[in-house]
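My questions will all concern the structure given below.
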Amino acid sequence: MRQVTGLILLLVLVALLVWGVLPPIMRDFGYPPSDMDDYIIENAQEETGSNNVVAAVLFDYRALDTLGEATILFTAVMGVLLLLRTLKRKEESS
Amino acid sequence: MLSKIVRTVANQLILFILIFGLYVIAHGHITPGGGFQGGAIIVSGVIMLLVAFSSKELKKSLRERVLSIMESTGALIFAALAFAGIGTVFFYNFLVGTPIFGRIPVPGPGPGDIWTGGVIPLMNFAVGLKVIAGLSAVVLAIALFSSGEEVEE
Amino acid sequence: MEYIPLNFPFLAAALLVGVSFYIIIFKKNLIKLIMGIAMLAAGVNLFLVSLGYRAGGTAPIYTDVPEGPMVLSVPQALTLTSIVINVAVLALMLTMVIHIYRHTGSLDSEKSRKMKG
Amino acid sequence: MDTLITHSSILIIAIPLVTAFLIPLVGMTSKKARNALVIVSLAFVAFLVFALAKDIAINGIHIYTLGATSPDLTTPTGFMAPVRIILEVDGMSILMGIIWSIVSLAAAIFSFSHIASETGQNRFYTLLLLMVTGGFGMMFTGDLFNLFVFLEIASISGAALIAFRTKFADTQEGGFKYIVVSAIASLMVLFAIGLLYAQYNSLNIGALAQVIQYTTPDKIALALLLIAFTMKAGMVPLHLWFPDAYSVAPASITGMLVITSHACMYAAFRVCFTLYGGMLGTSVVGWILIIFGLLSMFVGVTMAVFQKDVMRFMSYHAISQLGYMWVGVGVGLAVLGNPALLATYGRDAISGGIFHILNHAMYKPLLFFTGGALFYCTGTRDLTKMGGLAHKMKWTTILYIIGTLSISGIPPLNGFSSKILIYESVYQFHPILTITGIIVSILTLASFTKAFHSAFMGAELPEYKEVKEVPRSMIIAMVILAAGIIFITLFPALIVNWIINPAADALINQGAYINAVTGATP
Amino acid sequence: MTLILESGYAFWNPIILIIAFAVVMVVVYFFRRRGQKKYKKDTAQTQIFLCGEEVPEAGQRHIRVGNIYWGFFETLKEYYNQVLRPHTGIINDYVLWFVAVTAISAIILLIAG
């Protein structure tokens, strides 16, 4: 019973997602609206000096996202090392 | 620990992986790639070493304390570069127009110049350092823990 | 400049999300559950990166590129961020699963339900 | 000073972040230096938050464009849409910021003694500060994708901290549940951001709000965003992970997790009011929030009466209290399209809901801290094993009584002043809401009396002969929050006029938020 | 007056209530003082009296949490049976609830909103 209800609701959600991204509802693939991106592609070289526009977006236009992303990596490393730590305290020799 | 052939080949191969990774990091602002991608390439080399030798052997040369310091340093360099622009605005690209990485390329398609990009190449290096240290530490910690070894505090 | 009918990349992304939800909901093995989340992340990333495609465009990197339109660069940056985030999440999840296995001796999600009600 | 205030919004995010990067290096040399560093940075952040709050009260919305040639330059010259990430702090954001700065300071002070006997403390404080960063980022950002990034920072550090005590099996289970739920919620948020980006090619909340059309993909995106954020905030029927995760964490972390719940709630309000605001022609979203809020209130409190684990019991109460806020703000959202009703009771309902966030953020961490103090002294969370602790732990008992009276809405404590605002305004929308609220309040008092009796009252038990009062730093942390409660109790009107009403107006007034970014009235 | 919280119909000022409470407390203290003269420590006056039976140990006579509100749970048994059903503790079910609520609210929004 639970399985069937779950499956039906899951199918409903997937159908909605699929319906939402198909042409009459969603714009066509390959023809995006591009005000912001056109500005970035045109001006990235002058404003940041970088030939790689993606790098310019990552480290200049949306640099806080990249700082956040590096922070998330740092967080995960700290988390993994925290969880896999030794639980015995070393004899403190001070 | 795997057979001697594997270990010898891995020993030779790590150099090339290291060079390729560093190349990808250094050219992040003119060709596809960057700090994350190059760092991931180098970490794949570390994983190769981990498979070829064992976590016990690798622990002798890659200490987790050192990795932790490296990672914090990389993150701090990144944050410091962001703070350095605070004279105008946080994250301001203050090196554009200066002699250090400050050249501005001719707009439009071109051959690419390594001395461009302002703080972007420096940030790529900081992120690369961080990714190398961080992912190596994760892989090493999980391998050590699974084989019953002690993980450093 | 060919026209791609029916937004196939978007469709694939939506279906990938559906399949991974199926895995997450109906597979009781914790490792499979984590694989489901990885697939969900892949579906969302596919959706994001395909948003930026412009018909006939080249990669947005000016080094030795032919003249012509370029694909959008922001979705590529977003996808890169999202991929790294998911790597971090997966690493932490796997660590917790190691501990769960150490404590309960099982990877079944029905076995690790000390807390309920 | 002016320069400091100009840059304060990014400094509030960046200072805990840099401190977190420094702690692994500092912690290797000295423990004392590390603790001092944590306190100094959090205190400085609190100072900055208050300075920024004063600035916002005088000058209006604070804008900070990252990486531009000037902080006010939201859009590049000769271009209409914002390209860079913009931090936008208005009345509502700064209210959340004030809450978060106080609670994180108290939680850090509480941790010093609470986890003193554990290993891995350097990483604990690193993660705590990263969580502070994530929370502030969520509250202050004006960019949808950036919101997602900071949501992930808060979730991942939170999950690692929940699983901090690895020697117990339940902590691992709670942490795993939390991270799975967070990962799915944030991936769905990302999918919704993709749906919005696909149509409008913008990621800034203000810029999106200006151009949004409320098409079919927008509706799907709204559903995804709303349900994902409400799941992270812990609304019935998506609350199931909430007690599992919150009850096993160290108490200081549980206190902070409550505020991350509020931050997700804030994100949901931001989406409903600011992003979709003018487009929500009918009141459907408001009704969804009201119905789920009523369910949260009732199911949360009835499940809480049933519990025997002290932290789990308080987690269910957190769900029930969150219900009041959903109902209050939901009523405001339901009448948002009707200016007459909004002026009569809608704005008061929103004010009441937001005021309840502030009050809940003071008393719930206090109660979780007293629960943590009980765990610290007795080594168990099971209420059936406790008894007679009031003889030994006088401070904890007094602080617990303050928290209990406050959460049950006993006048004159602060819980009452926000509840009266909610009751009187939602009564005009539908009387059943007020009646449910009063019943839930009674049940709350009943269940807290039960817990109080079984933990603190009774004769001194022989197994707790050795128990002493908790260390001083834990008491200081609890006293900070209790002082906040007393202050709000004495001057509710002052708080409402200075902080709460501007926050409610910031939610209602979508135009000001958009104006600050694009410089054009919609 | 910034010290009075207006809430549409009524107002709320905690200071007045605290003053009233203080007055009542003074009166109570006055009465309490009158009786305190007869109170003597460590006499039979302060012992627990249980119909002449022997008083049990501290651990036995403390009413534990499981015994409080027994009648409440007995009355609401049906409700608790229903409400405890979704609290399975299995992570897969939690995600199923998320999917279900998202699907339902998306449909509601598409139809009505």
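Every chain is named by a letter (A, B, C, D and E) in the order it is written, and numbering of its residues begins at 1.
As a working rule, a contact is a pair of C-beta atoms (placed from the backbone, for glycine too) under 8 Å apart; a residue touches a chain by one contact, two chains touch by 3 or more.
These numbers were taken from a predicted model, which means no experiment stands behind them.
Touching subunit A and subunit B at once are the following chains: C, D. The greater number of contacting C-beta pairs, out of the two interfaces C-E and C-D, is seen for C-D.
Placing every chain at the mean of its C-alpha atoms, the farthest one from subunit E is found to be B. For the pair subunit B and subunit D, the distance between mean C-alpha positions equals 36 Å. Spacing of subunit A relative to subunit C, judged by their CA centroids, is 9 angstrom. Subunit B and subunit C have Cα centroids separated by 23 Å.
Per-chain Cα centroids separate subunit A from subunit E by 44 Å. Multi-chain contact residues of subunit C (touching two or more other chains): 17, 21, 24-26, 33, 47, 51, 61-63, 72, 74, 78, 80-81, 84-85, 87-89, 91-92, 95-96, 98-99, 113-115, 117. In subunit B, 30-32, 68, 71, 75, 79, 82, 91, 93, 105, 108, 110, 112, 135, 138, 142, 145, 153 are the positions where the chain touches two or more neighbouring chains simultaneously.
Annotation for subunit D: residues 17, 21, 24, 66-67, 119-120, 145, 149, 152, 156, 159-160, 163, 166, 176, 180, 184, 191, 198, 201, 216, 220, 244, 303, 306 touch two or more other chains.
All chain pairs that touch, listed by label, are A-B, A-C, A-D, A-E, B-C, B-D, C-D, C-E, D-E. Residues of subunit A that touch subunit B in their complex: 45-52, 54-56, 58-60, 63-64, 66-67, 70-71, 73-74, 76-77, 80-81, 84-86, 90. Interface of subunit D with subunit A (complex): residues 17, 20-21, 24, 66-67, 76, 79-85, 119-120, 123-124, 126-127, 130, 133, 137, 145-146, 149-150, 152-153, 156-157, 159-160, 163-164, 166-167, 191, 195, 198-202, 215-217, 220.
Those residues of subunit B lying in contact with subunit A across their complex are 28-32, 34, 64, 68, 71, 75, 78-79, 82, 91, 93, 96, 101-105, 107-108, 110, 112-113, 116-120, 123-124, 127, 130-131, 134-135, 137-138, 141-142, 144-145, 150-153.
Residue ranges on subunit E touching subunit D, taken from their complex, read 1-10, 12-15, 17-18, 21, 57-59, 61-66, 68-69, 72-73, 76, 79-80, 83, 86-89, 91, 93-95, 97-98, 101-102, 105-106, 108-110, 112-113. Contacts from subunit B toward subunit C in the complex involve residues 30-32, 36, 105, 108-112, 135, 138, 142, 145-146.
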